[in-house]
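Chain IDs A, B, C and D follow the sequence of writing; residue 1 opens each chain.
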Amino acid sequence: MPATVDYDAFTGMLKTAADRIITNRDHLSKLDAATGDGDHGTAMAKVANAIIATIDSHEGNDLKKLLKAIGWAAMSTDAGSTSPLYGSLFVGMSEAVPEGSGELDCQVLASVMESGAAKLRKNTKAEVGDKTMIDTLVPALAALRAAADSGKAIDEALSDAETAAATGAASTKDLKATFGRAKNLGDRSIGHLDPGATSMSLLFTGLKEGLAAN
Amino acid sequence: MPATVDYDAFTGMLKTAADRIITNRDHLSKLDAATGDGDHGTAMAKVANAIIATIDSHEGNDLKKLLKAIGWAAMSTDAGSTSPLYGSLFVGMSEAVPEGSGELDCQVLASVMESGAAKLRKNTKAEVGDKTMIDTLVPALAALRAAADSGKAIDEALSDAETAAATGAASTKDLKATFGRAKNLGDRSIGHLDPGATSMSLLFTGLKEGLAAN
Amino acid sequence: MAMKKFINNPDNLTPELLEGYCAAFPQKVKLVSDKIVMRANPKDESKVAIVTLGGAGHEPALSGFVGEGMLDASVVGDIFAAPGAPKVVEALRLLKRDAGILFVVLNHEGDVMSGNMAMEMAKEEGINVRMILTHEDIAPGADAPIENRRGLAGCIPLYKVAGAAAEAGKSLDEVYAVAEKINDNMATLAVALKTATHPQSGDAIFDLADNEMEIGMGQHGEAGTGRSDMLTADETAVKMAAQVLPAANAGSGDKVMVMINGAGATTLMEQFIIFRATKNYIESQGATVAHALVGEYLTVQEMGGFQMFIAKLDDELLDLLNAPADAVSWTVR
Amino acid sequence: MAMKKFINNPDNLTPELLEGYCAAFPQKVKLVSDKIVMRANPKDESKVAIVTLGGAGHEPALSGFVGEGMLDASVVGDIFAAPGAPKVVEALRLLKRDAGILFVVLNHEGDVMSGNMAMEMAKEEGINVRMILTHEDIAPGADAPIENRRGLAGCIPLYKVAGAAAEAGKSLDEVYAVAEKINDNMATLAVALKTATHPQSGDAIFDLADNEMEIGMGQHGEAGTGRSDMLTADETAVKMAAQVLPAANAGSGDKVMVMINGAGATTLMEQFIIFRATKNYIESQGATVAHALVGEYLTVQEMGGFQMFIAKLDDELLDLLNAPADAVSWTVR
């Protein structure tokens, strides 16, 4: 396992993550039907398809440009809250990729993800505990950062992030929603997994598996 | 049993007939639901209530005026085909009541009913066999006329009319509708009693019973 | 099971809805003598008046089309039931004028009986009135006898062209001729997907299986001619348009009006999709859509389905359709 | 079980419905860049433009209100889903003008996120645009924080008054002030009786028992606040009006606008009956109904139910409501 990921490795990871999402389309929509409007699978599949299509049509191997293009494509998917949230995630990631950089090491990867998360979070006041994708994203990135800071290799770091993501997603089941459509359910939202937290966890699984496969 | 019916006897007969109809409101609507739009009970109850209300508010004992007023009231009930058909039945009956007459003998009664039927039939090309109220009305009046011509008393004549009416109404079950909303069902109308034929038969039952009760 | 409708006493539906309607739009309509909806600002007596009659429960029809450039009065019965002749005569009397009255009746037996009886009484009173019967349903076949062809939503474009001609000061004969022209060149076919609840009895007005639709269904749940498995929007539109277009005497080179009239629970989204396919079909036949209406004009409670209406137009009819109108449910600037 | 809707491929609903809509009314609207509905005859560049964004599936909203005196453009997403910011920016760019643009966003999270992002991008491009957020739902309580109060059908009267002010040549600040005035004095409460089917997934968007209704239900099946046994029309209207009227800051002596907005399967008959009771209640509180709309303006597929909207009016707002307009779904002569 090399210490960095290059353009091809990173796009491979993204495509695997996108495949994971597409495979779980119906499952995600069912989760959303319980607490929202039942379209989260459709929404995430659109984003995933946008990721794949952008990668496939992208020329050259400038990761910064690619991630920005994915962000715009994701924003244009007309998929409810999901498009702007994922759109800004990728635009934010792009902003932290060093100009002209061909490869990301574990520290830079963590910074890139953190920049994406920061941009995503400009859209919402949701914090950990509010039963949203934030419950997955925040612990996953904390784990990624901790692994990077302790000098772990990228594959180990992504594995830590995946574990934390899964735990975070599972935690939403017992929470009461205070953001997104589910908030209208109030206490009735308790007992249901948050769809956005679930799909975000699938994304981390996909990134890890995508790295291993390449 | 006197050989004639006077104003009080006749209004008593009409009221009994109206009561019969009102009691069978739901039954008639159910029949109509099978082949039409399910409102024949409502429609006939409106006509029956109009008969009762007109009698109750009518001043004097001029049968000719009363029947015309009933006809107008029936027409004003907004009850689909039923209002104009029954409206013209009563207006037509009124037309045959001799001016200033206080009592009707069996012959005149038959003529009065025939005049009503003739006016009613101006509204429709339906003949016997078309699965409508005509299947009841025509044989009932034929029986009434035959009884009157053979010198029977009014009670016997009405009894003959009732029997013929019931037979006529029952005959509609095996017929295919060619008039009214039921005609749209075509062959699918076979096997259902015609609601209008049924209510017309109830009317003859009521007239007979009303005479007996007074 | 409770009826899933917002109603009070089912016997009071018609008076309450008419009161609500006229109270909502007092600048356009007023309620006279309980069941007659008239224009709030009557048209000049020198112009022909347009009157119609029909049951309630089909809102916005028929009273939604009372207004400048359309109807002068709509005489309302009860739910799905024609008004009695005496009430119709009352309306005709209120609008009696030398210029005359065009009286539009939809071909349903109760309506026709009341209409005929009202005509008889009106003539005795010396009222100058001509009756025209709409019968554009092609469910029993485009060549079926008129008695068997119901009057569906086609009355509404007829009100529009007759109303515009009347507003323009045409004579009764001329207004009648315009109405007759569209009447002779229009056709409608309905399709039902889901039943409706009769708001007085609470009963379903018909039954259809989960996967069934019925082409030719009438406006009160009267059976149609063709039950089939559900088709896609495009298949349904083409199947129907292929019958309706020729029945309106229209084909290659002709200009037509198309109305997709939602029955109640079929969404406007679906109606636009159906319209799209209908227009594509019409154009594939070499005709052009020169005027369109898409929406709920004559409903059957919450029935799922729609009516497809097509009329062949000439320049006169097209101009009359585009003329100003100010009814609650059809306004043209 | 088959979905009882006339559709083709569920993934193509939005493009097909937009194509059908714009093809039906080419003299009023045109489709630009797939998802932007614009006026067929653009208004003069010297006047403020009005733009909105929102998901499809609510027809006629929002695109039905594009037209003279109302919206200049509606940017459409997919079924119940906001359009992405890039498409919104495209529309803003097309309407860029010195006079400026008023950008109306309904408070739903996806819409707001797209709206904010589009504002950021538009400002970078030097487009003169101000955003206004509608949030008149009072289901969570009239005093709930704005984040929790959804934008319901109240956007439509807001388009009307802002559009009329823009048409009259008012500046962006003046148009904004008019929009803000109605925004601060309007309130909406929804009630649901029967669920709707999501036209892409085929699933019911919520469940209600046979005898239940739910006050406060959102526009996409988001839960409300008060499930209860079904009430009569009059009881429902009074219960809701008693909350909506004060939330619109209206009471004795005030003039108000009332809109009864059918959700889809609730008949216009019922809506008139509800309107009647609402008006009676308002008058019992000493206020008067100076303007009314009754019908389907913003639907939720074939959901049974309605939204009750009330706004307190002054003479300026009333004049703007009555000003001419020529959108497909709101025409004033």
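Rule of thumb we're sticking to: a residue touches a chain if its C-beta (ideal position, glycine included) is under 8 Å from a C-beta of that chain, and two chains touch if they have at least 3 such contacts.
Everything quoted here is computed from the prediction, not taken from an experiment.
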Steps in the shortest chain-to-chain touch route ending at chain B and beginning at chain A: 3
Reference chain D; chain at largest CA-centroid distance: B
Intercentroid distance (Cα basis), chain D paired with chain C, Å: 28
Averaged-CA centre spacing for the pair chain D and chain A, given as whole angstrom: 33
Where chain A and chain C are represented by their mean Cα positions, the distance between them in whole Å: 55
Interface hub residues of chain D, defined as touching at least two other chains: none
Per-residue overlap in chain B, given as positions that touch at least 2 other chains: none
Pairwise touch network: line, ring, star, complete, or other: line
Which chain pairs touch, all of them: A-D, B-C, C-D
Chain C-touching residues of chain B, taken from the complex the two chains share: 29, 33, 36-39, 42-43, 72, 74-85, 87-88, 123-125, 179-181, 183-186, 188
Chain C - residues contacting chain B, complex: 14, 35, 55, 77-87, 109-110, 113-114, 116-117, 139, 147-148, 198, 200-201, 203, 205, 218, 220-224
Chain C-touching residues of chain D, taken from the complex the two chains share: 1-2, 4-8, 13, 16-21, 23-25, 56-57, 59-60, 193-194, 199, 210-211, 230, 232-234, 236-237, 264-276, 279, 289, 292-296, 299, 301-302, 304, 306, 324, 326, 331-333
